[in-house]
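Note that the chains are named A, B, C and D in the order they appear, and that numbering of residues resets to 1 at the start of each chain.
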Amino acid sequence: MALYRALIELADDHLVLGHRLSEWCGHAPMLEEDLALSNFALDLIGTARSLYAYAAEVEGKGRTEDDLAYLRSEREYLNCLLVERPNGDFAHTMLREFYFATFMEPFWQAALASSDKVIAGIAGKAMKEMAYHLRHAGEWIVRLGDGTEESAARMQAAVVDLHPYWEELFSGGDCDVLPDRAAIRPAWEASVKAVFAEANLDWPEPVYGQNGGRDGMHSEVLGRMLSDMQYLQRAHPGATW
Amino acid sequence: EEFLAAFQARIDAEEKIEPTDPMPQGYRRTLIRQIGQHAHSEIVGMLPEGNWITRAPSLKRILALLAKVQDEGGHGLYLYSAAETLGVTREQMTEELHAGKAKYSSIFNYPALSWADMGAIGWLVDGAAIMNQVALCRCSYGPYARAMIRVCAEESFHQRQGYEIMLTLCNGTKEQKEMAQDALNRFWWPALMMFGPHDGDSAHSEQSMKWKIKRFSNDALREKFINATVPQAEFLGLTVPDPDLEWNEEKGGYEHGDINWDEFWRVVKGDGVMNRERVQMRKDAWDNGAWVREAALAHAQKRAAKIAAE
Amino acid sequence: MALYRALIELADDHLVLGHRLSEWCGHAPMLEEDLALSNFALDLIGTARSLYAYAAEVEGKGRTEDDLAYLRSEREYLNCLLVERPNGDFAHTMLREFYFATFMEPFWQAALASSDKVIAGIAGKAMKEMAYHLRHAGEWIVRLGDGTEESAARMQAAVVDLHPYWEELFSGGDCDVLPDRAAIRPAWEASVKAVFAEANLDWPEPVYGQNGGRDGMHSEVLGRMLSDMQYLQRAHPGATW
Amino acid sequence: EEFLAAFQARIDAEEKIEPTDPMPQGYRRTLIRQIGQHAHSEIVGMLPEGNWITRAPSLKRILALLAKVQDEGGHGLYLYSAAETLGVTREQMTEELHAGKAKYSSIFNYPALSWADMGAIGWLVDGAAIMNQVALCRCSYGPYARAMIRVCAEESFHQRQGYEIMLTLCNGTKEQKEMAQDALNRFWWPALMMFGPHDGDSAHSEQSMKWKIKRFSNDALREKFINATVPQAEFLGLTVPDPDLEWNEEKGGYEHGDINWDEFWRVVKGDGVMNRERVQMRKDAWDNGAWVREAALAHAQKRAAKIAAE
């Protein structure tokens, strides 16, 4: 079950983050970003779907991808806390995406070599998507960090607000056929700091890293997200959509 | 006079008018208004469906709906670009929308109240839009016609997708089928209104037909839509909410009941259930994003200055 | 079923408005208003409960008050659109309450004389509560309308924003044992205008009155409220809480 | 010196100290800090439960929860008033809370993740609070003692209500019972931490005991709580998440396992899951309400001026 658990962690990360991004739909600062943010959401939820489908197969109890997404409670969701953070302003959203993609891109890169062919297959597609997210979000970090006084202040505020949440990316269930998450950390820190330097952003002093997501211990925002997302499935048990 | 005649001759010869070609002020104005409205409709049209993305009942449906709404944003982009070839900026058009001066399709002032509305909007609203848009693929203004060709292909995919949502609901539980019927009840008449007033009451129609901005009359397109859609409703096992709907053997088409034009004009004039909220949402998005757009501009300038200095 | 329907309309008005007010909990401009707003919510939801209980009895199909509140869909809710309007700022919330209480207070007053003893009983309690809501909200209308420049502008903006929604209060199912809602309108307009005069507020030009709530045709905000409220009941069908 | 001795004599004689009585600076400061913290705890404590009011699963539960949260607000009011008798304003105390200078009970930095938490918070958190508060009813400072008497009556009602929620869940479906066990698992240790550090590590304890601001030691109250609560958990059929918990026949009470004081201090210092959000929410409420408070003041002044002019 180590593989099942690791797949669920990853799938939940992708679904929750994709859901957050989809909340932007129609509300972005410019039309181009409406398209980019829905693109991000599409990629993430698409990957989540593949991961849930594979998790369901690995579990072997006849559950479907939708059962896993729609019929687990908040306490059964294993996403890290970073991805459930509210959208905040555009700076917060882009930073959250940047942190996530800076982790996932090398993760999938490494997963290409997995002995598990399904995982290698998912990785091939996801890696390219994450490289795009990383580039697009990274460009915004620089633009906003080195834009106007207001945008620099907002970008730096986002950095401070999300500082307790990035460490948890490197935690989670080990399993043979998936890359070691902790091993990615040095490269992650180096990449992030390089972009911060370009963006004139300060890397804050260390703080206590919030975690608990991998044990289903979330903050209060996830429950509301799930009640929204799962409502129809819950209101019509067993229906096909 | 001479110029107008020469222009009309080009139109009559089915030549495409291009951005740098000379054109009458009225032609330009009509197109700016119409393409702008069309672009705004795509953008405002993202909102009712956007309202259900986070509540879509399966992963597959989330993805399909997201992709659809994204396509609408893309259509908005092509259309704003087409309008810009006529000498208006996207910013100007956006401001007119927010000031309530520019219109958009009234259908988006009706609320999306249930998941079935995602079906009904795709099936009926995109279906009605396609009737108009297919005709516009042959519009005399080149950039508009070309934008429409791209749009049409995607719209017909959306329409099938909407119909498929309806079909799934109609094959589902009793509650699901009721949901589907209810959505049809609420969207049928507003969809018919999408074609605009009867030909006799349509302000801009005649000149637009002459200029081949418009190629079919409102009533003709509406009938075509009804004739295509009624059998689809029957196949779903749903009842079209028009007791006067009747097959007319002679003309080989349906006769429909009276359209509530009071409602139509009321909603056009701003008093639909959702008018205020739709415009407010767009305005809020724009205003809340001002600092982002300013930062992007400031950064680009800094960058250009740096490159110039090197 | 005219009585059942009328009871549901009233119950939905009270529950939805009470729910909106409860959203303020912990977020009011001062502690005293946190208490006042939860008081309002308590009164309204309490009355809703009595009305649902009686509606369930009148219907005679064995449904409970909670079945009526938690297991009807958005399209089955018959509240007027005014009560589902989002809270907005404190001025919007107080004005919405003021409009509602200015209607309900004379309504319950008249219902005291109902030949239906259950209704007369509900009216006796509700009337006093509404008199308090009316007074408290009315005082805030005056305070904000005749306070600072900012508060006057916000109060007037609330008046404009809610102007399409008050007329629907006077609509709804007729039935013998409940007062005629339309008959209350002249007194309502006079009371509201008197307070507006004291508050230096302008009564706007007539606009098209939004309605549809009594036919279950709502704006898009009610669905989200219900998915939040009903989530647990929907997720655990048949459970007792 | 003489004054301090005389003051201590009054305390020892169980006389109540009243606002206008002379009192040592340290006594005043300690009380201001403690009553302020206590008031803030009531106010911040509204938030985790407030998070579930709109999702409470029956009308009866909505009403009970609303009433409970309202009571907490009321307690906050009494307590701020009691603190104000010592020469500090509610505004000052509020600003200290928002600046992160004033503390509040750490328990409210844990999230309320399920409906069962509404049970666990009432049962355990209010239960632990009562242990402290009953003792405070005999506190040497009159206004605080009297506020506590009012508070205690309501708190014990809340505690019973919370227990009743747990009981309903434990008699319910398998999922409901799991929800209850999970809530106990998450709130047990934080509830034990509510009594503060072990007696040996408690900074202010000794002087507070002497001044009869505090009447029982942290550990004594904690044990009393455990002894009262463990049988209640057994009655519910739930397992207290402490493998080292053991009945000690000799002392007639339970021995408990080690408390994670690192976690305690971390959360006290601001690094619990919800610290940032709790304070931010209070700050936002305060800031967003500034215009309302200003308007109320401006209106009152206008009114006073009008009356004076008449």
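Note that a contact is a pair of C-beta atoms (placed from the backbone, for glycine too) under 8 Å apart; a residue touches a chain by one contact, two chains touch by 3 or more.
Keep in mind the model is a prediction, meaning the values are calculated, not measured.
Each step here moves to a touching chain, and the least such steps from subunit B to subunit D number 2.
Placing every chain at the mean of its C-alpha atoms, the farthest one from subunit C is found to be A. Distance from the subunit A centre to the subunit C centre is 41 Å, each centre being the mean of its Cα atoms.
If each chain is reduced to the centroid of its CA atoms, subunit A and subunit D end up 37 Å from each other.
Per-chain Cα centroids separate subunit C from subunit D by 34 Å. With touch defined as above, residues shared between interfaces to two or more other chains in subunit D number as follows: 55.
With touch defined as above, residues shared between interfaces to two or more other chains in subunit C number as follows: 73, 227-228, 231.
Put simply, subunit D touches subunit C in their complex at residues 43, 46-47, 50, 53-63, 66-67, 69-70, 73-74, 76-77, 80, 115, 168-169, 171-173, 175-176, 281-282, 284-286, 288-296, 298-299, 302.
Of all the residues in subunit A, the ones that touch subunit D in their complex are 73-75, 81, 161, 164, 207-208, 210, 212, 217-220, 223, 227.
Touching subunit C in their complex are the following residues of subunit B: 48, 51, 55, 111-114, 182, 186, 266, 271, 273-274, 276-277.
Residues of subunit A that touch subunit B in their complex: 15, 19, 22-23, 25-35, 38-39, 41-42, 45-46, 48-49, 52, 65-66, 69-70, 89-90, 142-144, 146-148, 150-151, 154, 225, 228-229, 231-233, 236, 239-241.
Listing the residues of subunit A that touch subunit C in their complex gives 73, 224, 227-228, 230-231, 234-235, 237.
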